[in-house]
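Lettered A, B, C and D in written order, each chain numbered from 1.
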Amino acid sequence: MIKVGIVGGTGYTGVELLRLVAQHPEMKLSVITSRKEAGQKVADLFPSLRGHVDMAFSDPARVTTLIDCELVFFATPNGVAMEQVRELLEAGVRVIDLAADFRLKDVAEWESWYAQTHACPDLLEGAVYGLPEVNRDSIRSANLVANPGCYPTAVQLGFLPLVETGVVDLNYLVADVKSGASGAGRKAEVPLLLAEVGDNFKAYGVPGHRHLPEIRQGLRLGAGREVGLTFVPHLLPMIRGIHATLYARLTRRDVDLQALFEARYANEPFVDILPPGSHPETRSVRASNHCRIAVHRPQEGEMVVVLVVIDNLVKGAAGQAVQNANLMFDWPETLGLTQVPILP
Amino acid sequence: MIKVGIVGGTGYTGVELLRLVAQHPEMKLSVITSRKEAGQKVADLFPSLRGHVDMAFSDPARVTTLIDCELVFFATPNGVAMEQVRELLEAGVRVIDLAADFRLKDVAEWESWYAQTHACPDLLEGAVYGLPEVNRDSIRSANLVANPGCYPTAVQLGFLPLVETGVVDLNYLVADVKSGASGAGRKAEVPLLLAEVGDNFKAYGVPGHRHLPEIRQGLRLGAGREVGLTFVPHLLPMIRGIHATLYARLTRRDVDLQALFEARYANEPFVDILPPGSHPETRSVRASNHCRIAVHRPQEGEMVVVLVVIDNLVKGAAGQAVQNANLMFDWPETLGLTQVPILP
Amino acid sequence: MIKVGIVGGTGYTGVELLRLVAQHPEMKLSVITSRKEAGQKVADLFPSLRGHVDMAFSDPARVTTLIDCELVFFATPNGVAMEQVRELLEAGVRVIDLAADFRLKDVAEWESWYAQTHACPDLLEGAVYGLPEVNRDSIRSANLVANPGCYPTAVQLGFLPLVETGVVDLNYLVADVKSGASGAGRKAEVPLLLAEVGDNFKAYGVPGHRHLPEIRQGLRLGAGREVGLTFVPHLLPMIRGIHATLYARLTRRDVDLQALFEARYANEPFVDILPPGSHPETRSVRASNHCRIAVHRPQEGEMVVVLVVIDNLVKGAAGQAVQNANLMFDWPETLGLTQVPILP
Amino acid sequence: MIKVGIVGGTGYTGVELLRLVAQHPEMKLSVITSRKEAGQKVADLFPSLRGHVDMAFSDPARVTTLIDCELVFFATPNGVAMEQVRELLEAGVRVIDLAADFRLKDVAEWESWYAQTHACPDLLEGAVYGLPEVNRDSIRSANLVANPGCYPTAVQLGFLPLVETGVVDLNYLVADVKSGASGAGRKAEVPLLLAEVGDNFKAYGVPGHRHLPEIRQGLRLGAGREVGLTFVPHLLPMIRGIHATLYARLTRRDVDLQALFEARYANEPFVDILPPGSHPETRSVRASNHCRIAVHRPQEGEMVVVLVVIDNLVKGAAGQAVQNANLMFDWPETLGLTQVPILP
C-alpha cells in the first residue's frame, strides 16, 4: 500500500476519485485537502462515503503531509496544480493532475485558451499526457502525469484508429459530443440547476471550447500532421456519461473499418469495440472505466461514423487517473477498476 | 387594459408571471424591475419570451413608473415587498405579493419563522390571503393580496373539505408533500444542481418549514379551532409540479367523502374532483392553473387519504396571482388562464 | 368554425393535436376515432384534457361522420391514412396526414423504406408536402397535405438557406440530430421505458432511418441537384424537443451567414433567427410552434455549424399541421398557435 | 466457490443479481434461464455485462443443470418459483426466491392478494422470510428463503425499532413511500415510458397494494400484536431508489428516539442511522446494499417521522438476496457487497 494524497476533493471528480481510491487494494488515502470545507468530515459532505472514508478535509494552507505521500492527485480547478507541483516533485512525490495545467505542450496556446500565465512552463516537456492507449510506456516512468480531459478522451479514442492510419480526410473531422451535467462540475451556477438543464438540451461553446486544442494536439500527434477539426459540445439532461458522434470522409474505400478498430485496441483492457451495427449507450459504461466504440459506414458511402461512450467521471477523469497510477506503480492496469457498470 | 408592473422578474415565479401576463387580454405590462439584470432585455434572459415580451428590466432604484400602474405584482424574495408596498398603496396602486410578507396574520409568528423584523405590521390586518376558494369576496375588494405559498395552496385545498366539516381528528393531520425543483427558485446553489437533484429524492425541512404556520393558519380558520399538523416536504427530480398526499383519521364513518369534496368545490373553476379511485398525476396540470384532487378511504378503514396536484408555478404562484387579479378587477375569473395543460 | 375529425388520437401526436384543436377559435372537434380505445372518454385517457375535450373515442369501423367534416387529420401509424384518404377526398373532405404516407414523391423509394406496398400511388403527385416555409402557396389550395416528419422539419429549416444559395459543399452535409423520447411515440416497448431511456443517451438508426429520404428529397428540391447527407438521430433522456446540429463546408468564404439566414426567414412567423453567438435551447420552444436557429462559423474557418430547435410534437407534428390547416382555410397563419413556450 | 443458477434473468432484478454475482468471490454463475431470450448472449441484452458475464440464456424447459447448483435464485414474476422449488429442494439445492411466492405465511391471504392458487402451501411454513435484521439465525440454516419486497424492506426497517418497543400508537401507522421506476420492472407497458413517468409524479395503488399484507405481517411479528397501517406507494421520475417517510404517534414522550434506533441496529452491517437532523437522499445508497435512516420528532411534538432510503434493486432485491446467500453459506455477511454507492 502506498500513501495517497488528494488536493481539492469536493468536486465531482474528487468524490469519484475518493470512491475509487477507497476501493483500491494498493492505495491508502493519507490526506485530502479543501480550502472551503477544511475541518468538515468527508462523509458529512458526501454521505455515500459513510463507512468507507473516515477522514476530514485538511486546510491546504496548513497541510504538510502531502510531501509524505508517494502519489498526489490534483482534483482542483485549472491553474492550481501548477503552483504546487514543483515542490512535490522535488520531494520525490509523483503527481497526477486531473485538471488542464499540463495537458498542452505549447505554453502559448495554453495561456491563450486558459487566459492566465503558466506558472511552470519548464515542467511541460517532462509531463506525460495520461492517455494509456497512446502513452502507456511513458506513463509508467512519469513523475508528472497530465490526466486527459473528458471530451478529449472520448474523441481521441474514437478518431485515433482513423487518423493514425490516414484512411480519412484529415481536413474535415467533425466531433459532435454530448455530456452529462456532472461534466460541468459541482459549481453554484444557475445554468446548471435541474430546472435549467432538466428536460432541456443545447449546444455550448461552439465558437471555441478549451478541449479543442487538446484534442487537436492528440490527433496531430497520431496523424503526424495538422488536422482540421470542428468540435461541438452539448449539455445532456442527465448526470453521467459522454457520447461522441464522430464524422470523417474516407479517402480509401477498401478499408475494413471493423477490423481496423479491433486491431488498434486488441490489447486494451478498457476499450471495447462493439459488433458491427451496434449503438453504444452511455449507461453501458456508467460508473466504470470502460470505453465502448461502434464504427459505421452508413449506406456503404464515403462517410465513416464512430460512436464512442465513456463515463465522464471515470474513464473521462478519476478512473483514468487510477489507471495511470496503476501504470506508474507497476500494478495490474485494471487494479481497483473492475467494477461492473450500473444498469439500469 | 390596465397597466401592470412586476417587481423582481428574474426568478421562476417571475418568468411564469410574464408568460401569463403576456397572454392576458386585459393586462399590459408597463414595467418590470430587476436589480441584477437592469438594462438587459427580458427575452435575452428568457428566450422563450422572444416575440412575446419586448421590454428590458429596469433598475428598481431608478424606476418611478410603478406608481403609474394600476396593479403591481411582487415576485421578489421574502422581505422585499414589505419595504415598498405602503408607498404604492398610498398612491392607489393595488398590490399582489407572491412572497410571504403578508401571509401570516400574527406578526410575532412571522418574525420568528422569517427571522427578520416586519417593516409594516399595521398593513397585515388589511391584507387579504389570496386563496379564492376561501376568500373570493374579500379578494375582490382588496388592495393588498398575499398570494399563498405553493405547498399551502395544495395542502389547504385538500384538507379544507375535511376540516371545515369536522369529520376528521384535527389533532393528527399529516401532509406528505413533494415538489419539483422549480419550487426552490432560480438560485445559484449547489443543492439545486441537476447533478444533485436529478435521479435523487429526499425530504427536507422536517424539523420545521416556513409553510407550516401558513398552512396551520388556514386550516385553523377553516376548522374554527387549532389543528395538529405534521408537514414533511420533499424535493422531486423534476421541474414543475406539487403532489400532496394527505392523511387524516375519520371521526365519522358514515360520511360520503366523494360527495363532500364535490359539493365543496362544485362552483370552483380551477378545482377538479376526480372520479373515485383516481390517482392524479402532476403532469395533468402542467403549466395550467388547475388543481386536481382524489379522495380515498383505503380498505374502507378509518383513514382518509387525499391526493392533490397543482403546478407549483401556476396555481401555486403566478396563475393564482392572475386569478386574484381577475377577481380584483372584476374580470371573468378564468381570464387568461384557460390554457390546456401540457401532456406529455 | 369548421367541423374537424381526428383519426387515431391516442398517440402523443394525437393528444397534442387535441390540445391545439381544443384551443383553436375556428375548429370544432366533431369526431375522434381509435380502434383500441373506442367508447372510452378522451379525458379519461388524458386527464389533462378534462374540462377541455368532452368526447369519447369512436370506433373507426363504425364511424360515418368523418365524411361530414371539412378537415380530417390522420394521427395514425404509417400506412393507415393511405387506405382511407381517397374516400374522404372524393367526398370533398380535406386531409392532413401527420404520418409518412404521402411525404415521398417516389413511390419506389417509399415502398423500399416503409416495407409495404403503397395503396394509392396516384395520389402522391397531388399531395402537397406541408412545410409552409417552402410550399406556402401550394398548401393554401391543397386538398391533401403530407405533414413533414419531426427530424425533416428541423433539418430542412436549418439547411435550406445554405443549399438554396449554394454556398456549401452539397456532397458532405452532416445532420447530427437529437430527439426527446416522445418522438418515438406512445408505444408499449421496453426500449422506451424511463428505466431504459432515463439518465442515458445513444444514437440509433445509423445504418439508415426513414427520415433520411424525406430530408434528402427536400434538400434536393431546394438545391436543384442531388445532395450527399449523413443523418444520425439520437434519443435524449427527456420528453419533448429536437435539437439539430448541422455541419457543412463553405465553398464561398465571403458570405454573411447571419444576414443570409435572417433574409431567408424574414417573413416567417414561426422561424426565429437568434443573434450571432447564440446557442438555442429546446426548452425555449417547449409546447410552442416556434423554430429557433443560430448559425456559427467556428474560428472563422471553413465549416458552418447550424443549431436548430423545435418541439417535435408542435412544429415537428401537431402544430405544423394546424399551421397548414390555417393556410388551407385562409385563416391567419398563427391562429391558435400563439402560446408562449413553457419555461422552465 | 459454489455453483449458482439464476432463473429468469432478464428483468431489472435479474441484471442486478448478475452484476453482484459476477463480482462475488465465492459464487460461480453456472446457468441462467430465460424463456424469452433463450439462446441469446446475456451481454448482448445487457452490454454493461460485456467482459463480465460470458454466457447465454438457457431455455428453462430444457435446462437440467439447475439441479447441479448449490444455490438457485428465482428472479421471476410472482407464481413461477412455487412451481419449481419443490424439485430443487428435494435434490438438495437451496433456493432464494426474489418474488413473492413464499413471503406470506397465511396462504389464504396470499391467494387473495395474488389472485391465484398457491402451488405448494406446505412449503410456506419452512420458508424463511429473508430480512437478516430480523431473521438472521433462521436464514443461516434455511433451504428456502423468501426475499422481501422492496417497499416492505424499507418500511419494516424504519418502523421496527418503534413497534418492537411499543412506543407508538400501533393503530395508526402511516407509510408514505416513493419508488424509482425500476421498481415496476422491465415490462413493455405504456405507463412506464419515459414520456409518461418522466417529469411527472403520482401515487398508485392507494386502495390496496400487494406489499401491504407483507409489511403488516412483519410489523405484527415485531409488535406481537395486530397493527393498523396506511400504505401509499408513489412512482418517482427516476430509475433507482426508495424513500419511505413513516409517521407514528408517540405514546411515550420520554423516549430517546436516536438512541433507540442506534441500539436496534448497532451490529447491522448495512443499516446506518444518520446523525440527528439528517435527511437521507436516495443517491447516498445508489447501487449499494446500504439502508440509511434518520429519525425526527418535529417541534418536539407527539409525532415521530422516520426517513428511510434504500436502493430498490439492491437492499430491496438482489443485494439482500446475496446478503441472505452469504448467511446461508457461512460467508462474511458483507461478502461481495462492499461497493461504495455511486454519487453523483
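Descriptive notes on the structure:
Here, a contact is a pair of C-beta atoms (placed from the backbone, for glycine too) under 8 Å apart; a residue touches a chain by one contact, two chains touch by 3 or more.
Bear in mind the structure is a predicted one, so any value in this text is a computation, not a measurement.
Two chain pairs, A-B and A-C, are weighed by contacting C-beta pairs, with A-C ahead. Ranking all chains by how far their C-alpha centres lie from the centre of subunit B, first place goes to A. In this assembly, the C-alpha centroid of subunit A lies 36 Å from the C-alpha centroid of subunit D. As a whole-number value, the distance joining the C-alpha centres of subunit A and subunit B reads 45 Å. Distance between chain centres (mean CA atoms), subunit A to subunit C: 39 Å.
Looking at subunit A, one finds that residues 12, 180, 182, 186, 195-196, 198-199, 237-240, 280-281, 283, 286, 344 touch two or more other chains.
Looking at the complex, you find that subunit C touches subunit A at residues 172, 174, 176, 178, 180, 195-196, 198-204, 206-208, 228, 230-232, 234, 236-241, 243, 245, 247, 249, 277, 279-283, 286, 296, 298-299, 301-303, 305, 307, 309, 344. Contact residues on subunit D toward subunit C in their complex (touch as defined above): 12, 180-182, 186-190, 192-199, 237-239. Per the touch definition, subunit D reaches subunit A in the complex via residues 12, 15, 19, 22-23, 46-52, 182, 186, 198-199, 239-240, 272, 274, 280-281, 283-288, 290, 292, 313, 338-344.
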